[in-house]
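As written, the chains take the letters A, B and C, and residue 1 is the first residue of each chain.
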């Protein structure tokens, strides 16, 4: 566009100021990305599957439920597959090396959690080896494990002791928001080794229903089945379960939104001020434009084009930096917040916000430039 | 032909009748122009002189459509500009007027070429056509070899020459100059005036110039004095001595 | 050898940098006392360009505010855990347990513990210890209506003689053998149904809230206590196995001899820690998380604030070109000009820092709650803003000020006088 050259020429007027303003935008967008990603990690958006239900002991998730419930649950119409988990809670070498360990039911695992993918030969090896274990790709990478390694884990639950497993497989989540840090081993091996008094109990069931709309009815039916038994159940859809889990973290949303708000307000202020100073310095030039015959509106356009160009380039730089740094962050926080994703949605929102700030910061100075009267601006001092 | 008594016919390029301009300053009303008349034919070169605050620049601004009068009418090439809307006036200005100010004319971040090109960006000319016009204009002022230089790389005189090139590049109806040599040394001032004379003589431009420098005013064909809000013909100009007109 | 040398070099350079930074700040702040350029010039310049100054101040205030707020969040969390417990109490769990929830010790073992040296005794010569069972119960939060996990701790009925920092604020202590509850003051506020006089149902039992206790702002304030024997029964656990025992010692100084006696006993396979150390450790993950996240946010914001400050100061230098030239022409030296600008930048940043600190001060004591990942239960804690945090905030502001003001100040001082005067 023929006016592009004028706009770019104006931007280069004071290179240091341009760099600093670009830098401010880059920094703000970097922070925005960081906050959005952390929020996503806590909120666990899009993790839940619509057709899965979770059954826990009504008292709390810590309490166990009998394995004998499984068959009863399967008999409820609408339920297709049921699998169960125990939280193992062991220590690998040191306490800081935390990763979640689950005792799983090999028969139904793949049917209920199809998004966590294991190759067929690895899965077959798992079915053949009672001491076999499968690790998520992130955890395997973290400790440099390879198929065939022997993994020792110490536990103080379930009677304590040192357990050892053969790593026969590595799983990958199909979607970016899947948890790739888990460690699985077999229920039958677990049952064998634990003391008599805790045998026959599992932590929670995860089941699949044929029709997602049917889920609430199935949930009610399951809880009704075990009402007034010594271990009453509480069944929820996976999304409700996750949403409630998220709420336990407290007001993370409020905190993040507050910080984000402070940052963007400050950015707007700083950039707006910079634009205002820059326009003030050019009063006589803008008057010349108008004298030559450029309309008032075109002058407003020039100012807005400048501020939006800065916000666009600065914002893109910040988002690019975020994309580059995200793997580093993810690695550092993987034990506490396993799911850190910088989605296209976040990037798009960030860019839009940057453009909005660019527009707003140029608006006031631009309007001032628009209303500038040539005769006043060119009056001889 | 130049008349200040309102007696010019409809053939004049510029026709001003009964022009009033009043300012408010500090609660007081200042009548800068009072019933001013002016007729200018195409190809004239007029110098406006007068003491400080007499309204010379005001008159120029009004003629150039940068300001609107309190009363009266201004007609240029058949267009009555006093009642035009702001946006129409802007368009009119782009097509009909070339401005040359005392200073701050050039945009420092643009090259000489780009500065001269500015008025053409408002037209529908193609890039090649624009280039053509710009090169022509710069040759006329003798600065074709400095096209790619920035204003800070040019002397004061050269800067004004670029300004003149910009003023003529879109072939406007007339040129308005406000103290064009005010910021220059004597030698550069002479060069600029020679150039303006050439524009009038060789290229048949119409030029209206405000100056306080009598030597500069000499170069014009007619000198008019602004006195008590109206134009009076210069006492020292030669054959074209006419009666004093307007309000007594 | 080489990496060590390199490391040493980096440390030395960093130390020199920090020292110079501090020196610059100090000199800049003290400039009014020995600089020839009067301070009034700075004040008048600030007033003349007050919009830009306000902008820089807001930028710094915002950054300092966020910085102090996040650190006080982490501090508050840690403080709650650290305040939990008394240095005169020893916590005993099964060897190798990283937390109470993992462990299991028998009644036998606990009785033997009571015989060890250093154990305080009550009027009837009984050992002052409480045998605890910890569980987690899902109860609806007052704030969202959805469930959160509250820590339920079964304790011995004489627990108040062991955890002496706890007192009953409303109602009374539970009676042994009954399904009665005393709830911590934070738990009472956080969960629906935990008010005095209410009855709630969990694990198939009906429990009456007979008292609310004040545990001095510690983790226990988020807990619900009941009789441990009853809890074992209701949760269908073996009646003679508990998860921890907390022993009241005759004095904190007795801890080491008690620990030695226990560890050397071949019949006992347990770990002994001071109660306060145990709880401090239980907060490490969460504290680390908040601190790391908060620091990242603060650092990024600081970079932005420095950019903003640089922008403002460079504009200031540009707009005051003529004044600077005049000062230099009058005889003020480069150094005078530099110090004047440096002082101005530091003044702006200190004001920004103060405003930032004042803005977040109201947060002090504000309670919020989150899930302590290590204990899996909900924990209420408060923002804790201490004097040293505020001081850190001010220093942070000064560092931003010097980083944002030094280069422009240098530029102001070295601008050739003739060039600047030519602009007149």
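Just so we're on the same page, a contact is a pair of C-beta atoms (placed from the backbone, for glycine too) under 8 Å apart; a residue touches a chain by one contact, two chains touch by 3 or more.
The model shown is predicted, which means the values in this text are computed figures rather than measured ones.
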**Fill in**
Most remote chain w.r.t. Subunit A, using mean C-alpha positions, is B
**Prompt:** If you average the Cα atoms of each chain, whose average lands nearest the overall Cα average?
**Reply:** A
**Request:** Would you kindly tell me how far, in whole Å, the mean C-alpha position of subunit C lies from that of subunit A?
**Result:** 25
**Complete:** subunit A and subunit B have mean C-alpha positions lying a whole-number Å distance apart equal to 66
**Request:** Between subunit B and subunit C, tell me the centre distance in angstrom, where each centre is the average of that chain's C-alpha atoms.
**Result:** 72
**Request:** Write out the stretch or stretches of subunit A touching subunit C in their complex.
**Result:** 14, 16-17, 20-21, 23-24, 27-28, 30-31, 34-35, 38, 58-63, 89, 91, 95, 154-157, 160, 197, 230, 232, 234, 243-244, 247-252, 259, 262-263, 265-267, 269-270, 273-274, 276-277, 329, 332-333, 336-337
**Fill in**
Seen from subunit A, its contact residues with subunit B in the complex are 2-3, 5-6, 9-10, 12-13, 284-285, 287-296, 374-375, 378, 380
**Fill in**
Counting only contacts in the complex, subunit C reaches subunit A at residues 51-52, 55-56, 58-59, 62-63, 65-66, 94, 96-98, 101-103, 135-138, 141, 144, 146-149, 202-204, 235-236, 238, 285, 288-289, 292-293, 296-297, 300-301, 303-305, 307-308, 310-312, 314-315, 318-319, 368-371, 373, 376, 378
**Prompt:** For subunit B, which residues count as touching subunit A in their complex?
**Reply:** 57, 61, 64, 66-67, 86-87, 90-91, 93-95, 97, 99, 101-102, 104-110, 114, 118-119, 121-122, 127, 166
